[in-house]
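Report on the structure given below.
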Amino acid sequence: MSETSPPRRRPRIDGFAAFWVAPALLWNGLFFLAPLAFLVWMTFWVVRNYRLTPDFVFSNWERMLTRGFFWDGFVYTMQIGAATALVASLLAFPVAYYLAFRARPSARRLAIFLLITPFFTSYLVRVYAWIVILAQEGVINAVLGGLGIPAISMLSTSFATMIGYLTLCLPLVILIQFFALSNVDRDLVGASHNLGCGPVRTVLTVVIPSARIGLILAAAFAFILSFGDYISPVFLGGSSPPTMSILIVDQTKSGNNWPRAAVVAVVMIVTLITVLFSALALAYSRGRART
Amino acid sequence: MAAPNPILVLDQIAKSFGDTVALHPTDLAIEKGEFIALMGPSGCGKTTTLRLIAGLDYASAGRMLMWGADDITATPPWKRDMPMVWQSYALFPFLSVRENVEFGLKQKRRLVSRDRRTRALEWLDKLGIADLAERSIHQLSGGQRQRVAIARALALQPEILLLDEPLSALDANRRLHMQSELKRLHSELGITFLYVTHNQSEAFAMADRVVILSDGRVQQIGAPKEVYRAPANRFVAEFVGANTILDGTMTSSGKVETPMGTFGIARGTPPAAHAGASLLVPADRVALSGGASGAANEVTGEILTEEFTGSFVTIMLRLSDGTEMKVQKQQSEIDGLDLTPGARICASWPAEVGYVLPRDSGAGHRVSN
Amino acid sequence: MTAAGTDRILGGFTILVFLFILAPMVSIIVFSFNAERYPSLPWGGFSLEWYRAVLTDDTVRRGLGRSLRVAAVVSVIATFIGFATAYVDYRFRFTGKLGFLALATLPPTVPVLILGLAMLSFFSLIDLVGTLTGVIAGHVVLCSPFAMALIRMRLAEMSPDLEGAAWNLGATRWATMRSVVLPFCKPAIFSALAITAAVSFDEFMIAWFVSGLNETLPVRILAMLQGQVSPRINAIGSIVFVITITLVFVAQVLTTRKSDKETR
């Protein structure tokens, strides 16, 4: 198959190699690629007499893209996704910096364990915890009440939605930033201090640019996760205003119009691909001339 | 030339990786039982050749024959019987020492497990590490791992043993020790050793024949002594010998004319008259004196450096045309000479040690008998 | 501001952020023992009532059983596919390799909601909707990249000479896979089994779309969320946390321990 394979009497197909390429190829081809391809195709189908019928029309596209609620949803989802990416990056940075540059190795190991673990535990249950904590009768308001402060209504707000998004993406953002910062050449930092740059200026002018790729990637992931999430906007945000994910579920579960849901989904995919490529281009561009 | 039916023959074997030629078409005949070393600077093609022989890489052209009859050019490595001692040792970290040594035996499936165990322990004993048999390889020192690697290869009792710079990771002391052990094993077992190294003294100490490579081409094949005394070309002369090379022109009277003088020669391949010639002067045959001694082959220069290398001293001189001359003397021979840098000194040598080659004899290949 | 001073501020901030991250899990576990119906202060007293209620609830038990069965099957298949892909990346070079790796590793970057919708539609064509098989198919797609990443990291530690040494000593490529590559990757393989099981166990979106009436536990939880606040969710949540945390802990221990023990 290549120079690195052991030499064989050049057969047409290397059976050994084919055996190991096949699993991912076949499984993801059938259960990942095909469904997504079908999703795009389905946007041109129609629902006739409550049944999904093959067709090739643009009516679904036309219907969704001319609706005010679609674009309102799009704009809102973009806004709150971007806001989450920003807030998550800002909150994560001091933590990632501390873990990469200042913490003791034992503290670092513990911190990484405590970050990886929630990443894998049920997001659903953690959102429920926030519902309860932020509720009118919840823990926070109980404490405020004990201090004589009137209760704050926190649920069904964008604030609560963002809390949910942060619960979803913050561990990942911290981890990615941490890895990026850990790989910053310590000699550069030392040289900067040696030349008289204070710690803050060093961070701004040396550390951040060096870790640029990881920092941008972390923000991109935060955006992708929040942009596509359904649970937080529904259970913490009260579904108002609706995000694109809410539109999809509505069209699927209540409206039973999968083609229209597919339109929203395809618009989301295209948006995410665009954002991801822009982020990568930004991350890997040469940027300003080095001084 | 070669004795009939050598154990392994490379017939116009060549290897390219994409557009890069790693080995130009090469012929080589390896005799049963000989200790043959492939040597040269890094990138010369010696490791490529070894891997082609082992079957780890696929030759781009040519044939490889065992016993003159078996074409093994396309045989996969697991069907060839040429175990290798790797530079990195390549011991299996999840197996104990004994299990490592048994690995090849297990694959061949010719012995039952009890006999495998016995054979493995025998070889560990021969290499002096029988007491480490049940240890994990992480607990071993570099030298001990080396022995496990050797035992693992020899346990298969092959006809050819391949060795890829096995001593390069050892310190100087251990290296010398292992050199003599390998030589001892070779004479005891009587099998063919194919040894790759970039270390000239190592190869010369152990090998019956050496193959010198550069840039993917064989430069010379021969016994160490011959190669040392009669290098086929300039590259070999520079690589194996401590020689000074003086460039000049061949005169019609059979001498070499250089900017430092005209010198007689006794050996080598003289080019035609008036052609470019290179004169090789062995560093250990040069005599030094403070003033001109009037000898026939003499040059003057100034001292550059003086280096102690254990038993002898290496002195570099700069001659009038800028050529650097290398001289090796015993400490006792230079007492009384002024060797401070910049001091003027005269160097002379007897005519019979001068060795001449055509000036541009870089990429040639010459086999001596 | 001294270095020690900034250290303290950064450290304090870090602790606050970690409190934010861990608060939900802690609160769920703590309130699952709260006798008071509503999970808030003041504390109502210690009680195992909710655990009892949840463990005798048939829909919960069936959901849990399905989730465990699905996770078990998914972890085996996903780890196998992940291993195969990691090995291909390690050993082979060929045209189209980049496309192949993209196909194998992109699933986690597509929002689960969209994957769920796509699979629901496509599976309805091939009759997999409402079956656990469909859920398994979808989960494997999501989980195999995790297995691939873990095993690929382990393979990166394998000296490139090891396979060559095995071939040289008489092992065919299949024998080398059996006696060298797999043993070497063992800790990473077990780690991958644990992680993929954890990811599948908690996955709710694809399951919600595809499982239909064959609800897995997270789908049951989702249904309960749409009702009123119920203290039972705390109990279920705690059980789910403990199972997942154990799996993740095992995976982390396996990944770090072996590589500490070995020198090169």
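Letters A, B and C name the chains as they come in the text, with residue numbers starting at 1 for each one.
We take it that contacts are C-beta pairs under 8 Å (C-beta built on N, C-alpha and C of every residue); 3 or more make two chains touch, one makes a residue touch a chain.
Not measured: the values here are computed from a predicted model.
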| item | value |
| --- | --- |
| Innermost chain by mean C-alpha position | C |
| Chain separated most widely from chain C, comparing mean CA positions | B |
| Leading chain pair when contacts are tallied as C-beta pairs | A-C |
| Chain A and chain C, separation of their C-alpha mean positions in angstrom | 17 |
| Centre distance in Å when chain A and chain B are each reduced to the mean of their C-alpha atoms | 59 |
| Inter-centroid spacing, chain C versus chain B (mean Cα positions, whole Å) | 55 |
| Of all residues in chain A, the ones touching two or more other chains | 3, 6 |
| Chain C residues counted as touching two or more neighbouring chains | 167 |
| Residues within chain B bordering two or more other chains | 55-56, 76-78 |
| Footprint of chain C on chain B - complex, ascending | 54-56, 76-78, 82-84, 86, 88, 90, 92-94, 103-104, 106-108, 138, 152-153, 156 |
| Touch list for chain A against partner chain C, complex | 1-6, 16-17, 19-25, 27-29, 31-36, 38-39, 42, 52, 91-92, 94-95, 97-99, 102-103, 111, 113-118, 120-133, 135, 137-139, 142-143, 146, 166-167, 170-171, 174, 199, 224-225, 227-230, 235, 245, 248-249, 252, 258, 261-262, 265, 268-269, 272, 276 |
| Complex contacts: residues of chain C adjacent to chain A | 3, 6-7, 10-11, 13-14, 17-18, 20-25, 27-28, 31, 38-42, 77, 80-81, 84-85, 87-88, 91-94, 100, 103-104, 106-107, 109-115, 117-125, 137-138, 140-141, 144, 148, 167, 173-174, 195, 198-199, 202, 204-205, 209, 218, 221-222, 225, 229, 233, 236-237, 240-241, 244-245, 247-249, 252 |
| Interfacial residue positions of chain C with respect to chain B in the complex | 159, 161-162, 164-172, 175, 179-180, 183-184, 186, 261-263 |
